[in-house]
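Chain lettering (A, B and C) follows the sequence in which the chains are written, and residue indices restart at 1 in each chain.
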């Protein structure tokens, strides 16, 4: 079913898996508990081309043989897939609606894509996909204002590279809370987590 | 008298552990039990601990029994807590009990079945008279059991095979062998529970609980009118197929007890009447557990067979949620932990209710006296 | 005893270790970590997880222990309380476990702890940004007392059908003239999921509302994890004409004189004599160290704690 792994050019994972995944997880914990907070993770990683450090750290920390991962087609079949399978043993899926984690680059987002992921079940909303989106940076895009659980008043982020329909489609999906997707935006070694509870507006609107 | 408040947990715990060690050892003038002695001479206890501990290792089970001072639920807990730290390589291939090297096999359904009735090492027809020869100090001779000159057949037809050609007994339930089996040690209970989840829960389930449920069913609380199709006990080969090898390797021959319980089924518009079955399987030699399990398994198939039943043994949430001895024992005994925060909250509430009760009573009394005076 | 600075415990030599860091294997930690993140994304919703057998019994904190094991790192400072006190036997036992298996510094000081594991209380000192509070939960389902079936209660949460809960509270009012729940008083999280706050006294409920710490709840035996993110609305259920109210005492703490803390009753003799002391042992000791004194400030209960402290040092 899967192509054999090419181990010759395999990039390393965490140098100390137990310690490194614990501290990466704590960064994810802070980020998810406080949406809009930029955390640093994966700074020491040198992931294969196509995967940035934060996204690589998320996958090393959370993916394993029990999680189906959907990689966008552009990341399949090459160094990213080999690296991911070798380090996490995660099974890959071609069906986004089954994925626990989805990994994609903001430039390849297409309209309607988000609704293809698992939105959770009424009784088991935790089954919803966590969508890891790699963006160029988190500060030079249009300013966004965030509100909701985890945010005392408001938080602001300005991720670059996300099409406008991304936010409107996400808003439509999470409007049906408890359904919805949870998003992690990754830029180099920085990450912002946007769970489905976060309400987002463009600044000034 | 004055009471001393309980404070200072650290020292108390250390001292309690030391005392426990002493009590465990008992009178030091009496020779200490070895793990091997427990393994060899308390083998049914070892079997139960392995079955409910979900871990086949007679030496560790014997060690757990020694450490637990013979308290089997405590020993089961010790083995489970150890098991949870073991790396997991994968799931074994399904075992084939038809190939069992049988030491015991009886059927209550037929006077004789192919391969015969094999009584084996059973308590069944012993007279339960204390044998004071066993109390005698020192090695009394155990006369060797006679060995038959006829070899046991390598395959004894199972009750299912005996019935197969007539269709009197339902076929083996079809399971999707590509789907990994449900594993309660990795996933929580979920409902409705499929056969794999149910059987795993029952196999790990407390023997006493399942025995009582099976008994309640027999007495009419969700009766399935069971008939013991077959019980067999003996060694079965467990195989494992590593992905990278692509062929099966034999891991071990493990003693197991299997029970197939037959129950009548009236049939439906689509299906002819036939016998249905309940299934029981345990590590080691444990017929009480295997039989109880098979009765409860059959009772829990009500939903699938379109039977309506309200008895405890037919209620899968009730049975599966409450069958685990480690969960049950822990939660019942957690009541020993301090609850004085909750108690204080309750106490305050109760005092307030009582105060209001007596206030109301004295007001009513005053009113009554006033009225009487007028 | 007041721990003024965090102190690392003497740890086992590496060759004496039988178990992995923080006891759980990495795959189990990942499974728990995924559940925690989903729990934060759906505040108040109970995420099923593959709870493992721990070396302490179910019902004795296995959910909290698994949560702590999945999040803890060597830089953490760990505090563990039971009934508010650091020195209750089960708290001592769990604290000792993590000091051994996670190379972690331990403390009794609420403010210097990064992880606070608790059974039945939230400390008196307000929690701070960056702290994680881990609750041990015996029964995660707030509706379980009203409906024993998981299949039913899960459907009630799915469709936010909480009428049964309100009816039950209303029946309380008819019977007792007030809502009878005193501990484990149900709360509504962000106006969507009904949640059991674990059996904390309702005195502690208001501390959860818009608090800056992460609140994680673990039920090992029932195999559920749930969470309240910081700055999240937490509303104790009530009625307009019967508003939620917390416990209060006529007495003050006999040792430190506090009039704002949750009090435990200590029976002094069999003639009806009793005293009230802070359930939060660190809060009480800290106040006494700062010179506050209650009506029975010299009582032996205070000395017992001092003795232990000396012995340990």
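Note that in this section contacts are C-beta pairs under 8 Å (C-beta built on N, C-alpha and C of every residue); 3 or more make two chains touch, one makes a residue touch a chain.
Worth saying up front: this structure is predicted, and the values here are computed from it rather than measured.
*Asks:* In how few steps can one go from chain A to chain B if every step must land on a touching chain?
*Replies:* Minimum number of steps from chain A to chain B: 2.
*Asks:* Using the touch rule from the top, point out the two chains with the most contacting C-beta pairs.
*Replies:* Per-pair contact counts point to B-C as the maximum.
*Asks:* Taking each chain's centre as the mean of its CA atoms, which one is most distant from chain A?
*Replies:* Relative to chain A, the chain whose C-alpha centre sits farthest away is B.
*Asks:* Average the C-alpha coordinates of each chain, average all protein C-alpha coordinates together, and give the chain whose average is closest to the overall one.
*Replies:* Closest to the centre of all protein C-alpha atoms: chain C.
*Asks:* Between chain A and chain B, tell me the centre distance in angstrom, where each centre is the average of that chain's C-alpha atoms.
*Replies:* 44
*Asks:* Averaged over CA atoms, how far is the centre of chain A from the centre of chain C? Could you give it in whole Å?
*Replies:* 32
*Asks:* Residues of chain A touching 2+ other chains?
*Replies:* In chain A, residues 66 touch at least two other chains, as defined above.
*Asks:* Pull out every residue in chain B that's touching 2 or more other chains.
*Replies:* Residues 186.
*Asks:* Going by the touch rule set out above, which residues of chain C reach two or more other chains?
*Replies:* Expected reply: 20, 27, 31, 48.
*Asks:* Can you list the residues on chain A that touch chain C in the complex?
*Replies:* 17-19, 21-23, 25-26, 28-30, 32-34, 61-67, 100, 122-126, 128, 130, 149-152, 177-178, 182, 195-197
*Asks:* In their complex, what parts of chain B are in touch with chain C?
*Replies:* Residue positions touching the partner: 1-3, 5, 7-13, 77, 80-81, 83-85, 87-88, 185-192, 317, 321, 326-327, 329-334, 337-342, 344-349, 353, 356.
*Asks:* Which residues of chain C touch chain A once you look at their complex with the stated criterion?
*Replies:* Per the touch definition, chain C meets chain A at residues 20-22, 26-27, 29-31, 33-43, 45, 47-48, 70-74, 130, 132, 154-155, 157-159, 190, 192-193, 210, 212, 214, 227-233.
*Asks:* What residues on chain C touch chain B, complex-wise?
*Replies:* So the residues of chain C touching chain B come out as 19-20, 23, 25, 27-28, 31, 48-55, 57-60, 62, 82-84, 87-93, 96, 119-121, 138, 148-151, 176-177, 180, 182-184, 199-203, 221, 223-224, 247, 249, 262-270, 279, 300-301, 304-305, 307-308, 311-312.
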